[in-house]
Amino acid sequence: MKKRKLKQIIGFSLLRISVSIAIFALFSILYFIAIRGAGVINLEFFTSMPREGMTEGGILPAILGTFYLAIGAILFALPLSVFAAIYLSEYARQGRLIRVIRLGVNNLAGVPSVVFGLFGLTVFVKFFGFGVSIISGVLTLGILILPTIIRASEEALLAVPRSFREASLALGATKWQTIRRAVLPSATPGILTGAILGVGRAAGETAPILFTAATFFITRLPSSIFDEVQALPYHIYALMTEGTHPDLQVPIAYGTALILISLVLLINLVAITIRYRIRKEKRW
Amino acid sequence: MRHFDEEMELLRKRLLSMAGRVEESIRRAIKSLKERDKSVANKVIEEDIEIDREEVGIEEKCIELIARYQPEAVDLRTIIGVIKINNDLERIGDLSVNIACASVRLLDKPKLKPIIGLFQMTKVVTGMLRDSIRSFIDRDAELARAVCVRDDEADAMRNHLIRELLTYMMEDPKTISRCMDLALIARNLERIGDLSTNISEDVIYINKAVIIRHHGAP
Amino acid sequence: MTKEKFIKRFFLFFALLSIFFLAGIVFVLFKEGISLFTRVNIIDFLFGKLWYPTHTPAEFGILPLILGSLLVTAGALVVAVPLGIGSAIYVSEIAKPGIRDVIKPLLEILAGVPSVVYGFFGMVVFAPFIQNLFNLPTGLTAFTASVILGIMALPTIASIAEDAISSVPVSFKEASFSLGATKWETIVRVIVPSAMSGISTAIILGMGRAIGETMTVLMVAGGSAIIPHTFFQPVRAMTATIAAEMGETVVGSMHYQSLFAIAIVLFMLTLTFNIIADFISQKFKKKMTGGL
Amino acid sequence: MVKRDKVVTKYLNLWFGDNHVLKDVDIGIEENKVTAVIGPSGCGKSTFLRCLNRMNDLIDTTRITGKVLFDGKDVYNNRMDVVDLRRRVGMVFQKPNPFPKSVFENVAYGLRIQGIRNRIPEKVEKALRSAVLWDEVKDRLNISALSLSGGQQQRLCIARALACEPEVILMDEPCSALDPTATAKIEELLFTLKERYTICIVTHNMQQAARVSDYAAFLLLGELVEFNDTNKIFTNPKDKRTEDYITGRFG
Amino acid sequence: MRHFDEEMELLRKRLLSMAGRVEESIRRAIKSLKERDKSVANKVIEEDIEIDREEVGIEEKCIELIARYQPEAVDLRTIIGVIKINNDLERIGDLSVNIACASVRLLDKPKLKPIIGLFQMTKVVTGMLRDSIRSFIDRDAELARAVCVRDDEADAMRNHLIRELLTYMMEDPKTISRCMDLALIARNLERIGDLSTNISEDVIYINKAVIIRHHGAP
Amino acid sequence: MVKRDKVVTKYLNLWFGDNHVLKDVDIGIEENKVTAVIGPSGCGKSTFLRCLNRMNDLIDTTRITGKVLFDGKDVYNNRMDVVDLRRRVGMVFQKPNPFPKSVFENVAYGLRIQGIRNRIPEKVEKALRSAVLWDEVKDRLNISALSLSGGQQQRLCIARALACEPEVILMDEPCSALDPTATAKIEELLFTLKERYTICIVTHNMQQAARVSDYAAFLLLGELVEFNDTNKIFTNPKDKRTEDYITGRFG
């Protein structure tokens, strides 16, 4: 009996240690970036253009660029994903077609982000001739987050109990009426959560925009969707690997990282909060 | 009201009307003797078939109610009680047919000196019957107990009557066959009293869940 | 009737898009990358030990890159699997509700931190720390990358494993307790085995995440394309190679093609992982819903 | 009164793939009566019920032969409007499944999809009254239907079906998710509903069938073993298999 | 075997032993008359209380079985049948007490010419009783039908006996009181035949679910 | 035979947070008998049962006063070894919940965690025989327990509990997820089990309580309204509220 209790005590300790390490890692990242990034952040940092070959000034274009890219990507991906998810959960019959589609979605989700970059480079930048531009980046990021949102939407749709559909059909509703009135309303919060997480993901991605949308140094804001842009993640990377004044660039990188991380965490926090609320409220 | 309660109410009503019929049947059987009216006696005999039919109907209904509603506790006791009361009522019906038959036989022969005791006894036993049924309808176990006590009275009356008849027969052997029939009637009336007591005992069982028949103190 | 049919076709079209994109990716990779093999033997490409794409004559051996990727991935798993699964078990089984409500979102936040931030943190904080600790010529090593990647993959593993563990029905737990098992015995003998396929899926997906990861390895692993002998030397992964060199190549050149060829290899690897993970999780679902 | 069958099946056969689930089922469901379908698990009760309003269409592998006549018209005829059929043949499911909307909107749902706009509150009230739920919810028609108790939810589902003014109501084990008190309420409701509707109910619970139905059908492995007055079935079944099932000697 | 089936089996056995007791009681009552042994008759009267007690016990068991197992169809019919058969058996017990009482009275007086018919009749009605019970145990509706037919035989014997007794009485009024008791015994035996018929009818009901009593063609 | 109570509760009170769920419950559970606990939904039946083997400990907000005596020893005493208590008081749940392991391993589980190594196959067989499952599974002890039918799974769960050689078996609505045929099997099993074990069963299904139990307790809003012979409870309950519940007039 003693032995069994002892085993339990040791086991629990090990589990506690692993959680502590994970949490410690998170806090040390946040700590360093917050402490060192806070110093460079002021109003000007937000609102002004970079100067002196990136060694001074603010990061307004990067903030705006990330905003354009992320919002563009979600505007592109969300309708496609929801439509696809509706097909998968509502119309598809079990069979080869749906297996193939689902395999496609799952594998698309697993494709390394840099490969998306290559795809965007070849198709949007070169083949369609959009060049390195917002539109190329948006489309690339859009395709990148597509499977995530499809899966989130499908999950949200599947979580709507079959009984709602049956109830609606049994009342003499058509299939489309059923989807629109009985299924989609219940699935909306879930789909939204997926979409918000998608925005967060798009905002933080670097590799896909390396060759499709991002540029290191411009002094004006983009005027059309065919212009190249700065973006926060790429900006950090560029500050760390390019340029000639590392000592001046690293603090800016800290500031940029802090802003990026705050932005992404804020977005995720919103999504996570919504998700928790759905889970708590879901009673069917 | 629950559907089952409605069914139970209907069952009660049906039993009540059955009891009414049976009581009427006794009343008529005795009346035929009193008024020397054979047709009334014959009517009793004829109409008994309806009582029989109704008895079967009520019993089937009871079984149906048990089969369909799986009654428990007081409901179950009530239905079982109804089955038994119903059975007793039918037997009372048969007894009044016996009385009517005896009456028919008697009416074929000259009138014997009127036997007042018989009519008094009829009053007593129909009273017992009526009270036992009322105690069922009103779920009144006290009234039912009172009926049980009155049974002794009926028994005493019967014994008295039989002794009286014995004397007649001894005195005048020509009356033997008629006296035998009169004795039969007395016995049947006494049986009706017994059966009314049974009914009262069933009522007590329904309401109190104790079986008091056979020497059980009421 | 026809309206309903039209609606169905409409949705089908969008459902097919992801296959279309996937096919597009495959097509693009092969179209751009396959012609390399008209000039470079595929065996030499996969097992060649030298990667000098810009030298003359150029060498296109990607073995160092493959090994670099694998080494970093393996290292990352060593960090992420025990910590991730340990955290998952802790969160779903041991933590008091109050603590769980704090830790779970924290782990999810950890998953949301962009990879470039990890890279950045690795470069400016962790690498110097490692360099000093082990007294190395540079902090940008396979080890550094492994640790950072491990921490990155940890939330992926933890959250999928946590889902699997908490979808183990409460009834199993109750059954075990009612048979006189301690909590630890219940975890070890019932909960973890029941969630095993979910946990395996988590590990494989974590692995996919690690091997496909670009920015972190690009920034932290050091970047020398030589076959690694110890954990404490710089390595260069396939993803990093593509990201770093694509900007400098001439479109259509052999170098350009070779980067696409690397992408093909990378794509194949992750495809394999995904299919395995898919297969296992399919089985897992069946197992959990099987019977009643 | 002449017995009038509202729904009749003739030589109804149904397969799911290779699985022959219903075999030559001939039943007449009488108007303004409650007909119960009983039988052991998996005998095809639910499947039978779902044939009547073509809910089985939703399952891909279904194949059906024979006829289902609704008011004399073949339900599986190509010219039959399935959507209209389902409106006229209401259905209540095993687990209460109100939509996560308000009580009011749940009942109004069927009206709205039919494009009805006027006098909706009136019709909702009527349906709720018929389902004996009005008094319990009249002051809080706007609360979420999910916050009602299980029994109330099930009555809400019945009201929702009634709002469409169906002629027949199919119920697939409508009480199996409810506790005895709620079950008793629903059973009582059936006695009032049958005055205006024709009801077919599938139930696991033999006793329930005995209590509520006028006719009972006993299905076994997809075969209609016996179909008769409920009284007869429960006091004197004709078939040995029915007798064994009724008396719990089955299997 | 199912627990319920075991319970049912026990119930059958209990009813069978009850029937055995009742039959023994009839046999003894008649034996006391035949052998002019008052003590045997007194024993019958004394032991009736046990039959009464057992009747209450069986009935309670039946109600308990209905309450606890909600029997349907044949099981329900069987239990209801047992309740009625049990009731009839108890009444047969009472009838043999009546016979025993009459016997006691008769034994106080000088012996009358032995009434062979009475003993023949006893044979017939105990045979009926035994067969009706066997038909219940063997679930043999045919045997039960046969019992019903034999009832006419018993009735005929009773009529014959009563006529015979009437002649005695006419001839010798001193015998009236004894003859009345003998007639009572005959009537009671005939009632036993009737009740055996009832039991057979219940058996038919249990097995065929038709109530054939009251003129229902068997 | 002297009536001997295996488990006794005295002034048992239980709160979940502020919710007073059990109120002064005094019950004696007799050895080698089946005691049934009935009552409307939410009256605290499950909670009561789970007090007896301290499964309520798993819920944080639980507060208990009064005593639960197991063989005369207070279960809630600090010196009571909960793990050992739970071994001696087996439990079977509403939904069959075999582990996703083989049939054999399911039954062996309890033995293995106790560190027993020898004669495991023998003990498993014995438990399976006691649960009247052996004949159905003896040729396929290695298949997954989840591939058994619902009724078989539930008997497996009973066998699993029996393997630990408990003295008391608690059953919380063990048949509510089963069809009537499987239910009948489990009920029959109870009659054989009670020869060796003491059984306490909670059930929604009054009829089931009537069929299987020797004693029945009626709980209402956490209060023990009546506790008596099952016969008495079902033919002649003493309390008006019991009568109303038994005859379906409740609520």
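Each chain gets a letter, A, B, C, D, E and F, in the order it is written, and its residues are counted from 1.
Throughout what follows, a residue touches a chain if its C-beta (ideal position, glycine included) is under 8 Å from a C-beta of that chain, and two chains touch if they have at least 3 such contacts.
Since the model is a prediction, treat every value here as computed from it, not as a measurement.
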Statement: Min route length, chain touch network, chain A to chain B, equals 2
- prompt: Which two chains have the most contacts between them?
  reply: A-C
Task: Determine whether chain D and chain F, two copies of the same sequence, contact each other through the same residue numbers or different ones, counting it as same when over half of the numbers at the interface appear on both sides.
output: same
Query: Roughly how many whole angstrom separate the Cα centroids of chain A and chain C?
result: 16
Statement: Rounded to the nearest Å, the gap between Cα centres of chain D and chain E is 52
- request: Could you give the separation in Å between the centres of chain C and chain F, each centre being the mean of its C-alpha atoms?
  value: 48
- line: Residue numbers in chain A touching two or more further chains are 4, 174
- request: Mind pulling the residue numbers of chain C that touch at least two other chains?
  value: 182, 185
- line: By the touch definition above, chain B meets two or more other chains at residues 2, 4, 60, 63, 67, 70, 72-73, 76-77
Field: Residues of chain F that touch chain C when the two form their complex
entry: 53, 55, 58, 60, 83-88, 90-91, 93, 95-101, 109-110, 112-114, 144-148, 150, 153, 157, 160-161, 164, 177
Task: Going by the contact rule at the top, pick out the chain A residues touching chain C in the complex.
output: 4-5, 7-8, 11-12, 14-19, 21-23, 25-26, 28-29, 32-33, 79-80, 83-84, 86-88, 90-92, 100-101, 103-119, 121-123, 126, 143, 146-147, 150, 174-176, 197, 200, 203-207, 210-211, 233-234, 236-237, 240-241, 250, 253-254, 257, 260-261, 264-265, 267-269, 272, 276
- request: Over in the complex, which chain F residues touch chain E? Could you list them?
  value: 184, 187-188, 191, 207, 210-211, 230-231, 234-235
- prompt: So in the complex, which bits of chain A are touching chain D?
  reply: 93-94, 161, 163-164, 166-174, 177, 181-182, 185-186, 283-284
Task: Name, in rising order, each residue of chain C that touches chain A in their complex.
output: 3-4, 7-8, 10-19, 21-22, 24-25, 28-29, 31-32, 82-87, 89-91, 94-95, 103, 105-110, 112-121, 123-125, 151, 154-155, 158, 182-185, 187-188, 205, 208, 211-215, 218-219, 239, 242-243, 246-247, 251, 259-260, 263, 266-267, 270-271, 273-275, 278
